[in-house]
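Below are two complexes that have chain A in common, paired first with chain B and then with chain C.
Entry: the complex of A and B
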């Protein structure tokens, strides 16, 4: 009798937990349609992890650099762990997370996020954090990122946050409940359309142009972690014309790079050298590169990685050739699909 | 046994429904549009419109977190216009320049709401008669001492907006009205 009672309790618990698990799977956003950026962080875990170069940062990395070009032109095996408005502490914890799986020769960090010293917006936090596999790095990233209105438990049990999605469910929510589709090309977000840059607004006056203490703390941690692991950290500022990059910010990054013996490249100063044409190479008026711009930028950066940083050319490795052959095919297919879509 | 199990399932269902019910109020919900996640700010708009500082330009009242459409209609063609796509999300952040002021907006549903008003020079004053070049004392006389100060910036918070003055050498050098609802 007692045994039967226990069996009932266990079965009931399994049924309840199973139902909640399925509901959570169904209700969580799938990021496969219009807004795909929320899927980038999780995609990394499907990869074979022996990259020589890993990019971390916000949209200025995942929209401006193409790992496909780096492979095709220089045989560089790279991956972008980027997400929308990725804050510097999120970049740091993503770096920690990445190092659980591999130790690349080079880590590239885009410095725009130094402008943020405190948590910003839950929606972006979710896109940067939810895709991470559970580890202490994820826990710390949540703790560092939460706005005053967020709760840690909502990240542990996302159903608490997404239960209101029931009225917005689409076919995709069922279709991709357990297995999602690839939406990036090694973390690169492709856009082939063109919207020329026009007049760019000047920056608002700021009371204090000094980057915040919290932002510097995480940059220091990133620098220290890379040094400890024997990784070369490269700082970059992508050639995005907006948000405004102040001269005072530039001076601080240059000084930091000098003090810490880091390579820093500000592509805003190299637009002509790279050959970027803001009437052709951007899809949103200068905020991000389109495919043409990203390939030009990758061509230029690949040369530095290859010649100055001595990142190896691995194009002769048969195993990698196979992997990249498939990736290039997917890249070309999406390129054609987008050209067709945007030429209509 | 079946009754007990059915009861437990009912409890789970009720919990979900109760949760959904509380979200419908929009207090701190996360709405999902397509597959994106957007923080709900409906209440903030009403709150800000009710009690924030406003700016008046050419007899048009501009309210932080208020609808930009009537402002754009009243002020006509801007001196310059720039739009920036929000990273990942649908909708555009828009920047309108009307001579000495800049008005920035953020998308909210099918509306553009004012996220910031920036005063560029001394040809315009705030309704409380402070302008670029006013003294710190004039600012204090107009707005009082209920401010927070950080690195030379005096911030007066009201509802879901803040009015910020940058003061250098006792002179107001920048005036910005900003939404506090854009973030979070």
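Entry: the complex of A and C
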């Protein structure tokens, strides 16, 4: 009798926990159709992790650099770990997380996120953090990123966050409950459409141009971590025309790079050299590069990585050739698909 | 710590585990500690207020008890020596002593309540008068109103009156008394327990009783359903309607009136369900505060079934003492001789009721809308009392009293009356409430009730679907309750069926609850009183 009672309790617990697990899987956003940026962070874990270059940052890395071009032109094995409005502490913990799996030769960090000193939007936090595998880095990233209305428990049990999504479920939610669809190309978000940049207004005057203490703390931590692991940290500012990049910000980053002996490249100042044409190379009027712009930028940056930083050309490695062959095929297929879509 | 917050749920989880792990004789001490932690987390300074009330009331109780014991001992000792008159004089002198302690305690604690809760209201009224005569207005004072002060003060004052009356024995242990005043589940929104009802189970040693714990958890879950699925969802629509009165008048105001009635019911009864459920898990029996109030056939019955502990507190500690006090008896005599027996006998009752309803109103909040709301209830009750002979004539002529249709009419009438009075509580502004109430009858825009306009107040068709289903469930549960405890009924069903019922309810709260990002964490309405 007692045995039967225990069996009933255990069975009930299994059924309840199992159904809650399934519900959570069903309700969590899949990021396969709209706002695919939310899927980028998790995709990394499916990769073979022996990259020489890892990009860390926000949309200014995942929309402006193409690892496929870097491989095709320079044999550079690279990956982008970025998500929408990825804040600097999220980038730092993502770097920590990456270093649990591999130690690249170079880490490239885009400095735009230095402008944020405090947590911003919950939706972006979710996209930057949720895809991370559980580790202390993820825990710390959550703690550093939460806005006042967020709760740690909602990250541990995402069903608490997405509980009301049941009324918005689509077929994709069922289809991708246990499988994912590759939406990026080594973290690169492809867009082939064109929307020329118009008149870009001057930045509005700010009350204070000084980057925040918190932002500097994490930049310091990133620098220290890279030094500790023997990684070369490169700071870049992508050639996005907006959000506006102030001269005062530029001066601070230049100073920081000099003080810490880091390579810093501001592509806003190299637009002509790279050959970027803002009537052709952007899909959203200058905020981000389209495929054409990203490939031009990757061509230019690849040259620096290859010649100045001495990142090895690994195009001769058969194993990597196999992997990249598949990636290139997927890249070309999506390129064609998008050209067809946008030419209609 | 809101009852609906994760921190409260975590707090409960830890408390429940510890409660049944530690030796039973220490359980009440753990409850005291938990209650003070709960209150401290709300705001540390609140502790000072509750401590002052606790210590002063406990001390007064002890003094009253001492006098009463001395009296008992003296009378027992001198049973044979004292004549009737001397005994009477002695008793009167002792009564006077206990009365002084009682009065001091009441004045002190009700004084604290009055100062923290009503000073700025008084200043605001004085300023209105001063400004009429062109005077300089007084400055408002910055004063903290401790969470649940109305509830714990009334609970403590009920205790001291009971001790004075001899219906309760004084608690000699100040820590036990502190637990009675601060017992955390009922600290912020009641029920207002009587010492005689609560103390035994509060201080008793409880061993783990699976059924009791399960029933407690089920009650908590039901409370969460009412609060998170119904009240907090309804709140979105109610807020839209009341915050834009110029835009939402007429039929919108009518809808808002009903929506608020539903929100308030689900919010307050949900909160009390959580309170009683938490207490039940701990083995503590807390007095019920509701008895299906929206099934009442008249306002008087409604007030016997809604916020029962508050109603009975006002009846026992204000209405009866006032009704039988010397000035009132004198007034009764005068009014009878002046106005005749029929009208004269009503005067003291009306006056006592007026005081009770005025106090009830102002207890709910320091503003005129609550006072008018309280007096509105008084008017309705008095009018219906006066109309009773007319009702009797009607029922003699038409045999409809026991007809379902007539009972339904009575229930709907009561709901509409109570809901319209609640508009004072909802709009929190007396002239605005009258204006909005008037607009229901003067602005003929009833089409908004069915032309989809109500889909633009922050509630989607799905929300209305959930709310309708919620109302059906609430009504069904209330109907089933007429023949006994719903949980007992479910408990008698096969295991898998009852597991499915409770898990289904849990899923409803989990998936349909208006919580988290996208919804505002809403404080329980009665926390504010």
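In this text, the second predicted complex is superposed on the first by the 344 of 344 C-alpha atoms of A that agree within 3 Å, B and C clash if a C-alpha of one lies under 4 Å from a C-alpha of the other, contacts with A are read in each partner's own complex, and residues count from 1 in each chain.
We take it that contacts are C-beta pairs under 8 Å (C-beta built on N, C-alpha and C of every residue); 3 or more make two chains touch, one makes a residue touch a chain.
Because the structure is a prediction, the values reported are computed rather than measured.
Contact with neither chain B nor chain C is seen for A:171 once the two complexes are overlaid on the shared chain. Legend: residue contacts after superposition of the two complexes on their common chain; A:285 is shown touching chain B, with no touch to chain C. Look at A:127: by the touch rule set out above, it reaches chain B but stays clear of chain C. Judged by the touch definition given at the top, the superposed model places A:322 against neither chain B nor chain C.
Of the two partner chains, both chain B and chain C are touched by A:12.
Of the two partner chains, chain B is the only one that A:29 touches; chain C does not reach it. For chain A, the partner with contacts to more residues, out of chain B and chain C, is B. Once the two complexes are laid over each other on the shared chain, residue contacts for A:153 go to chain C alone; chain B is not touched.
In the superposition on chain A, no contact is made by A:247 with either chain B or chain C. When the two complexes are overlaid on their common chain A, residue A:259 makes contact with neither chain B nor chain C.
Taken together, the two structures place residues 8, 12, 16, 23, 122, 149, 160-161, 163-164, 166 of chain A in contact with chain B in one case and with chain C in the other.
Within the complex formed with chain A, the residues of chain B that make contact are 1, 4-5, 8-9, 12, 16, 19-20, 23-24, 28-39, 80, 82-85, 87-90, 95, 97, 102, 116, 118, 150-153, 164, 166, 173-174, 176, 183-184.
Chain contact summary for the complex, chain C toward chain A: residues 6, 462, 495, 499, 503, 507, 510-513, 515-518. Chain A makes touch with chain C in their complex at residues 8, 12, 16, 23, 122, 149-151, 153-154, 159-161, 163-164, 166-167.
Of all residues in chain A, only 8, 11-12, 15-16, 19-20, 23, 29-38, 58-59, 84-85, 120-124, 126-127, 147-149, 160-166, 168, 170, 172, 198-201, 204-208, 210, 242-243, 284-285, 287 touch chain B in the complex they form.
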